[in-house]
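Next come two complexes built around subunit A: one with subunit B, the other with subunit C.
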Partner chain A sequence: MAKSNSWRQFKAILRKDLVMELRTKEMVTSMGLYALLTMVVYQIALAEAGDSFDVRLVMPGLIWVAFIFMSMLGLNRSFVHEKDQGCIDALLLSPVDRPVIFFAKFAGNLLFLLVVEVLSLPVFSFLFLQGREGFGNPIWMIGVVLFGASVGISGVGTLLATMTVNTKGKDVMLAVLFVPLMYPLLRAAVGATFAAVIGGPGTVETFWLFMAWVAGFDVIMVLVAYGLYEFVIGV
Partner chain B sequence: MGDTPTNDLAVQVRGLTRAFGVRKALNDVSFELPRGAFLSIFGPNGAGKTTLARVLTTLLNPSSGTATILGFDVVTEAVELRHRIGLISHNPLLYPDLTAEENLLFFAEMYALDNPKERVSELLADVELDHRRLDVVGTFSRGMLQRLSIARALLHKPDVLFLDEPYSGLDPHAMDILDGLIAQIRGDHTFVMISHDLDKGLELCSHALILAAGKVVLFESRDQIDVPTFRETYRATVGSGVA
Partner chain C sequence: MKRNPLAEIMLGLGGLLTTAAFFMAFFWAPGTVYPDGRIDFAQKIFYFHVPVAEASFLVFIFTAYYGIKFLMTRKRIYDTKARIATEVTLFFVLLTMATGILWTRVEWGVWWLWEPRLTTYFILTLLVIAYFVLRNSVEDEEKRAVYASAFGILAFIDAPISFFITRWLNSIHPVVFAGGEGSGLETSMLITFIVAQVGMLMLGYAFYQLRLREEELTERLEALKIEIGD
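Coming up: the complex of A and B.
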């Protein structure tokens, strides 16, 4: 009998999630629509401010509020497939180490989240930055903060989605647990995004300071999630 | 942890208890089953049958007591044990948005099989689903789902097969296919089947167990069983409200 191979199992779980998402488009569609609708609401809310108000001052906060709530929609969906027809039992019955399941689900959630974030940003820029100054610092800095914060969101979110999938009112339960845990990451991500958007003297240093905060959160929370996952998903 | 089974017994359960809060779903359950046996487990709803199956298949840890399958402890040697057991449930345990072939290939990767495509083709032919291999499982009938579920459970050639009400909701054709598959592999495997169907369970079994309120009411080998007395005992456990 062939021995289990964690890398093969990781790829298989990730590929399975990608195939199912490409077929159903449930996560990306729900997250994308939420992001779009949130931006439209923001635009209406800020419509009367006119040119007297530099929207770039609040843009980082608006972006991350939208992304945090949008991610909860996707994370909730990520384990619903596993619950359908008891698939999670068949997965747990196979000789796969539980952390392999965590990393595969985490990678899938991260990928789907990044796809929606990258698609949302041009729309956000179109709605809010028309006729204004663009980003004060190079655009790649936005990419760095998007990736860094999304790692933390996906890591903690994957753990919490696994915990709450069997609970009554899992949508509310996920939000109740997820938002408070996200506070430190959200604060750092907004700070880094602000530095990237505004530009000017000292903002690059500020950006990297906040990114170190984001990276620290990512490492700690992903390690905690990894350590707890067997307990959470198992018996 | 050894790679080879270390025990002549297929299943050995000693003082197994599983509590959910203050309620004991399993209460000091003990029995032994030799290799190659077919155990039918009967009991009223809520008797603890599914909890017992979940503990023996490593999906749930016991609160106390021990259970070994082929000599492997269900808690401390769970990963090794999972290579050697399969589960056919009344739930198909298949992804409805994947095709039949994709489902089996996915689980073949989970068991790290050497030639997954060959094994999947062989099993799809065995369960007469070769012509539907590229169809999404969500479009399958109940009987087809159960046949594919059987193929999934047999992918890694397990030594012990757990059947949790496998005939539930099957049409006669699907029942015949399941009967045929069980007959085909019976000599090489040990079976543990949970059933409400006394006739079917007694027809197939070499051993029978009645569970009620988490306790073993009766455990006998088939040649010890007096069918009328067995039926009476079963009816008494269901009727007395012990569940």
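Coming up: the complex of A and C.
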């Protein structure tokens, strides 16, 4: 009984976020646009590198830089809405378990992040990788990294964004707290992406090693974030 | 809110021991020798750098510990304790960074290297600074305490990573007490190191306690001011 109630509450909160997004399309457009702008900046960064420069070498780093900043934009948006429209207060007043709020917001943020990542990756390849060597390993491996790292980003991000939305200078604060905490995850994500992109002997093992690192981070950090959420959202 | 004689004794003793270790390092413990026979003078910083680094990790435990205690009990004193533990951590972290950078310049020929230990420690420094930036940007007192506690707990996760990473990954940062062949120190070096380490931990304890007392007195003073004002 209690379990099915939580499940219904979870679905209701997630549905609310999805419906709002489908109507306004605000998060996906702003995050997607941000990703496009980042690519323009990358063009500037690589402008003098020359045609012989293998973009694949820096591609993993470039995409994760874009994704981490993009995710902060989305996370911040997702809680500014809740706060400005008083939705979070209503949620707290209603008999919904706090962990359910965490998992519903987490799932919503993860979903939006994944959608924009999956959309922007082909654009990146279209803009920077045409006429160059293809990926060394099967493309699904990149999908695995995207999912694994996005779980950690959204999990911890949901907790931190809940806090920073109540601070002065919301988005700057989020970056200050978020980027150093995410370092181990991002480092492993870049490592795994690199192994997937470059290919060659031994890269599959390296890939799974980095993915184990990502999975470990996800488990520990999401559990801690889940444990702390109850305290943070109540005040 | 009484005087804490133990803290004052620790302050004196810690100061004495770290100073003694300084002299022992230069006049008693043998220096390590380069292959060409020159004495490796830069190695002497080991007796300062490692104790402050260990102290920074150990004091940071209290940030997380009091953070958890605060969230459990919601007593303000635990938040104050966590904050002061983080202040002392910041002090040790900055000393570690400064001495480490000097050593890498001499030994590795560069001021900075993106090497696992240095990288994770740099992240730790940023997290400790972020803790205070977060505190400053929340106006509501209870929110500030809860957020800082939560962030302190999250940030602490980096400390064991930074500590153990030289043992997990290929790192050129030296691991002195790794166990196995060739690790460990000569007796006189070990004694010097232990004296420095114990002294530094005493100083850490004393800084923490004295800062806490100062903070309590400040709060009492504020409370009295308000009372008189009314």
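The definition used in the following text is that the second predicted complex is superposed on the first by the 229 of 235 C-alpha atoms of A that agree within 3 Å, B and C clash if a C-alpha of one lies under 4 Å from a C-alpha of the other, contacts with A are read in each partner's own complex, and residues count from 1 in each chain.
Assume a contact is a pair of C-beta atoms (placed from the backbone, for glycine too) under 8 Å apart; a residue touches a chain by one contact, two chains touch by 3 or more.
In this text the structure is predicted, and so the values were computed from the model without any measurement.
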First, second, both or neither for A:V176, with subunit B first and subunit C second: second
Applying the touch criterion given at the start, work out whether A:I220 contacts subunit B, subunit C, both or neither, answering first, second, both or neither. second
Which of the two partners, first being subunit B and second being subunit C, lies in contact with A:M163: first, second, both, or neither? second
First (subunit B), second (subunit C), both or neither touched by A:A90: first
Touch count on subunit A, higher of subunit B and subunit C: B
Per the contact definition in the header, classify A:L228: touching subunit B only (first), subunit C only (second), both, or neither. second
Based on the A-chain superposition described above, do subunit B and subunit C contact any of the same residues on subunit A, and if so which? 235
Going by the contact rule set out above, which residues of subunit A touch subunit C in the complex? 156, 159-160, 163, 166-169, 173, 176-177, 179-181, 183-184, 220-221, 224-225, 228, 231-232, 235
Can you list the subunit C residues touching subunit A in their complex? 71, 119-120, 123, 126-127, 130, 133-134, 137-140, 142-143, 146-147, 149-151, 153-155, 157-158, 161
Going by the contact rule at the top, pick out the subunit B residues touching subunit A in the complex. 57-61, 79-80, 82-83, 85-87, 89, 91-98, 102, 106-107, 109-114, 136, 152, 156-157
Interfacial residue positions of subunit A with respect to subunit B in the complex: 1-5, 8-9, 11-12, 16, 19-20, 23-24, 81, 84-87, 89-97, 234-235
